[in-house]
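So, here come the structures, one by one.
Look at the two complexes coming up: chain A is in both, with chain B in one and chain C in the other.
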Partner chain A sequence: MLKKVTSTLLFLILFSSAFSQDLTAVEIVQKSIDLINGKTNQGETQMTIVRPKYERTIAMKSWSYGSDYFMIYITEPARDKGQVFMKREKDMWNWMPSVSRMIKIPSSMMAQSWMGSDFTNDDLVKMNSLEKDYTQRLLGEEEVGGYPCYQIELIPRPESAVVWGKVVIWIAKGEWYQMKTEFYDEDMEIVNRMESSQITQFGDRKLPAKMVMTPVNKKGQSTVIITRKMEFDVGLESDFFSQQNMKKVR
Partner chain B sequence: MIAKLAWRNVWRNKVRSLVVIIATTLGISGALFIAALISGMMDKWVQNQIETELSDIQIHQEDFVIEEDQKFFFEKEDLERQLTAFANEIKEKAYRIKAEGLAMSAHNTYQVILLGVDPDQEPKVTNISNYIREGAYFKEPGRIKQILISQKLADELKVRMNSKVVINLSDIEGEIVGEAFKVVGIFKTSSGIFDESHVFVKNDEFAKVLKMKPGQYHELAIRTGEEVEVEAFQTELQQGLDADLMAESWIQMSPALKMTEGYMDTFNWILLSVVLTALIFGIINTMLMVVLERTREIGMLRSLGLNDRKVGLMFILETIYLSITGAIVGNILSFFLINYFGNKGIHFESWEEGFEAYGLQAVIYPILELNFYVLVTLLVFFTGLLASYFPVRKAIRLDISTAIRN
Partner chain C sequence: MGSLIRLRLGLSIFLLGFICSQSSAQYVKEKMRLWGYVKYMNSLFIAQEDSIPILTDNLIHNRLNYTWYLGKHFEFNTSMRNRIFWGEVVKLSSELGNSLEQDLGTWDLSFVWMEGTGYIGHTIFDRLNMTARYGRSEIILGRQRINWGTCLVWNPNDIFNAFSFFDFDYEERPGTDALLYRYYINPVSSVEGVYNFGDSLRGSTISGLVKINKNGYDYQGFLGYQRGFYTAGIGWAGDIKGAGFRGEFSVWEPDASTQGPSQLVGGVDVDYTFPSSLYLHAAYLYNSEGINTSTGDYQGFFLNRELGARTLSPSRHTIFAEVSGQLSPIIRGSLFGMTNPQDASFFWGPMINWSVANNFEVLFNGQFFVGPPNTAYGGYPHILYLRFKYSF
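Take a look at the complex of A and B:
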């Protein structure tokens, strides 16, 4: 009898530990998102837009609260200095101090490129709920940029408002960096590739400092984002993200 | 007697007269044919825009006309009640939900106008259903909402039949919503501009996306009966509607369309006057030659007692005969040409793309109103009269004694 109980217990312990080690695709993705966002964060970033004939660098300060609120203050170039972008839940605003105008970015402008980069306004606003819009599957493991990674495939549900045919993410094992992301169209042809590198210590955590977004079919075109400074859990409240504050932040 | 003399004089130098007559014939029939071509093109263009896009009359909320915001809709029930008085004039009508949005695929994003239509009623008003190249004009409702897009948009977005297109737009509360639609049909009209910017969805499915209730619409498109004068009917209709509703005829919705029609008329007259001016010089030249040739004869006639007026009249008539003969032959020739091609159509398939970029059809059926022929003939008559001035002056001013001795 006792023997039986012990063996059952042993089995249970073994089973549960095995279970806890084998993370599901959903959990892996969630961990990587938590790592990037924190509860709140504040940082300084530099974005370089690379085009075949020119390059343009924009520097900015950013504040964010969860994935629903963020504010971006442009510090460079001088021409755009002082412009503020704010997202509150589903809406996005733009404050232009040069003309003293507050604009709510209308839906018709959401798909336009943000500040001329390879990101659209929509990319900034819409965080498709990963669980609601995609089915997630662990494909296997692969090394990217010197880190062993989980390779996870996200397939959008047919009725979800997602343009991609699939998205594949490589997430570093144990570190949870999103090392690489590939976006495919419905014919499973690759459209965009995002790669991360330069793992750096930011506050209490390590993150890739450099992200490169490359539209695969557009030669000589890419957007490079370099994080200069980033602090997490800085004690921002959601009321920080107001139109009044947009005019005040520096 | 003078008239007969003048007519005979025309045929004294057959080759020279024929050259002038043929030149006039070609000039006039060419100008008429081009005018007919342009009228045919414009007619078709206007008709196309009415049939695919504008319809004869549209009714909207007044605010919707000023600012196309999804929140300015009307209730079908209310409007129907107001329209009962006009049942005779209204041949067909279709209610629509209309909103601007973004059509997105993995590759591209395009700003489009979405029209939520009733698949049964809409084909009676607009002819998009005739332009379906692939798929169908909507299918039985399925799990995913359905969308019709143009070939052009499909190419831009790099999607095809059964692909998913994501539409982003604001609902009536101003919230941004994203919705997945499946391509069930691909159309191609003759207007590239229209194709690029319009997509069609089912109105019941679209209403849900915009959070509108059944029976709420933005637009009513009306086709009137053949005999109804659209502009007059629009005025009448407007008076019968509530103050917050606005009826607009296609002329009001697209003043440019009407204006272009006017421009083309002007262009036709300019073309004709260029041809006639060229003719005047040709005729003057020929007639001066005639006078030079017949110096002795003129001197003789005048010394025999034919007065200046009669000599003048003779040359005036000769000039008019010369030009009017060409005009009449030209008229007849172009009349048959225009009728022949008016039935058969002229095919410009090799330039199809260019034509369609302007919303024109590549097959043109030339037409010309009858009064245009009459006017042209009259104009040629006056041209002849004008051209006769110089030869007549020369003939009358001849010194008789030197003329005879010449």
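Take a look at the complex of A and C:
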């Protein structure tokens, strides 16, 4: 009986101390995600794929609800304008108005790069579900881009289907901007670095308007994401993310 | 209509396309939208008999899509397909003008506005419709694309439109003159009824479709009547361990006053994308009315048959395979193959698509047919295509 009580107490002490440390890192990451997402948001973004000899730009309007629902309407380039992508929990569709075709996207297609960029479809979708896929640990503090930041290490959970070995993220203290993120492969070699800048007022909050994703070993290559407009807590419901609205949004 | 007036009409349509291409670059929340492309394509026909010389053909192809958003509930859509053909094959095809002039729909929206020895100018409105939306209901009246397919190569469920895989230059596919009513049951499920106008009820197609989503799969089923035949079908699109898995099966049964066979057309479609962008795709099609012998009149199959979901392939069995991938972010390479296992004849074709600039791309496509005469793919000329496309 006594043994049982002490082991329970010991477990509680160990667990709570581990928990409180974890909670800090989790809380910080969560604050940064809440800042980017709000409960719902609506915006316009452009993405430029930079290669040594050329550049390509894709622009889109987007709507999202939590981390499980989003809709993207392509506005540039002209060839793809009007195409819509929608995700509802695990299902994803592509509406192609030129052929009036609704295509169900299989999950293997999500692991390839998003329209030729340095982001995979998964990066874009899973950016919002860090808490589900990673265990998180506070490593320390460091200044990035003039902001004192928390440095947090994210290790994928064994059951998650994440391609990275680990992710390290720098989050501004008090402002909660994700100033820098480093992606490591399974051999813990750095693969990609993402840096944020141009803090700008969007609706009720300030956010970095520019994000640059750079593959570390590929010279002259990067993907630049610019947020042109963004509004938060715009009152979308999950029902907004429907096949009917895929045909209506613009 | 006088030929001069037709010529002027045709040329002004072309000019309109170019002018609008200059002004549609910037956008706000549009009240209307005009977009499309201009393509130039050169085709090289290489006959399998050495005695026939190589023939070349040219095509300038302009597409204009126009949408007018009329308030919250209405939308008007039209698309024009304007083409000028010239070259040696056009010179040899004396019936081309007549067959282009003929509109297969209810309304005659097809116009040959220029014709001479070795050249033809043609315009067809392949979309012309009005959409009304209210709550969860949607009505579309007019020439429209009704797309019931779930697979990527052959669509036995797509009873309103026919499309040939080899006609790669017609991405938008033809439209159907119809009245469609659709009701959205929930965000991912709907029911719809379509009446495709014919000259009589017997000459029409009328059908209802239900679409639902469950456990990561889209499912659909339809029941209908198509020009003397009762028809029904099922289709699905889902995922097996990340691989896309789709299928479509349709049956036709003659009514009491129709002479004709019962028919089953169906197939499955599987694809997988690797993180490297390597894409593998395979498909199989079964046609109960297809020819099932090692030699047969495969090329004559289409002569007395209407192109449609029932004539997707002349052979009983057809197998398709594709390997594609990004050679760079702006160059996509593909290799397609198709075979009739019964006679071992086959088609193969490489395709390279190069995005030269944001709105400009160059495409090369080869279509090679291998097999003895009287097989599914034997005897056709090889064709090489080079296409330049500017989108606006």
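We take it that the second predicted complex is superposed on the first by the 214 of 250 C-alpha atoms of A that agree within 3 Å, B and C clash if a C-alpha of one lies under 4 Å from a C-alpha of the other, contacts with A are read in each partner's own complex, and residues count from 1 in each chain.
Definition applied: a residue touches a chain if its C-beta (ideal position, glycine included) is under 8 Å from a C-beta of that chain, and two chains touch if they have at least 3 such contacts.
Since the model is a prediction, treat every value here as computed from it, not as a measurement.
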* To do: Classify the contacts of A:Asp91 with the two partner chains as first (chain B alone), second (chain C alone), both, or neither.
  => both
* Can A:Val191 be said to touch chain B (first), chain C (second), both, or neither? -> first
* Asked: Between chain B (first) and chain C (second), which does A:Tyr54 come into contact with in this model arrangement: first, second, both, or neither?
  -> second
* To do: Classify the contacts of A:Phe183 with the two partner chains as first (chain B alone), second (chain C alone), both, or neither.
  => first
* Asked: Can A:Ser100 be said to touch chain B (first), chain C (second), both, or neither?
  -> second
* To do: Check whether A:Lys248 is in contact with chain B, with chain C, with both or with neither, and answer first, second, both or neither.
  => second
* To do: Considering only touches as defined above, state whether A:Pro148 meets chain B (first), chain C (second), both or neither.
  => neither
* Asked: More chain A residues touched by chain B or by chain C?
  -> C
* Using the touch definition from the top, say if A:Ser160 reaches chain B (first), chain C (second), both or neither. => first
* Would you check which partner chain A:Ala78 touches, where first means chain B only, second means chain C only, and both and neither mean what they say? => second
* To do: Starting from the residues of chain A touching chain B, keep only those that also touch chain C in the other complex, and list them.
  => 90-91, 106-108, 111-112, 120, 163
* Structure fact -> In the complex, the residues of chain C that touch chain A are 24, 27, 29-30, 35, 37, 65, 69, 133, 136, 138, 144-147, 149-150, 171-173, 184, 186-188, 190, 213, 216, 218, 237-239, 242-246, 271-277, 326, 328-330, 355, 357-359, 361, 389, 391-392
* Structure fact -> Contacts from chain A onto chain C in the complex sit at residues 49, 51, 54, 56-57, 75-79, 81-82, 88, 90-91, 98-109, 111-113, 116-117, 120, 163, 238-239, 241-244, 248, 250
* Flag every residue of chain B that touches chain A in the complex, lowest number first. => 100-102, 104-107, 109, 111, 143-144, 158-159, 163-164, 166-170, 175-176, 178-180
* Of all residues in chain A, those that touch chain B in their complex -> 90-91, 106-108, 110-112, 120, 122, 125-126, 158-165, 183-186, 191, 217
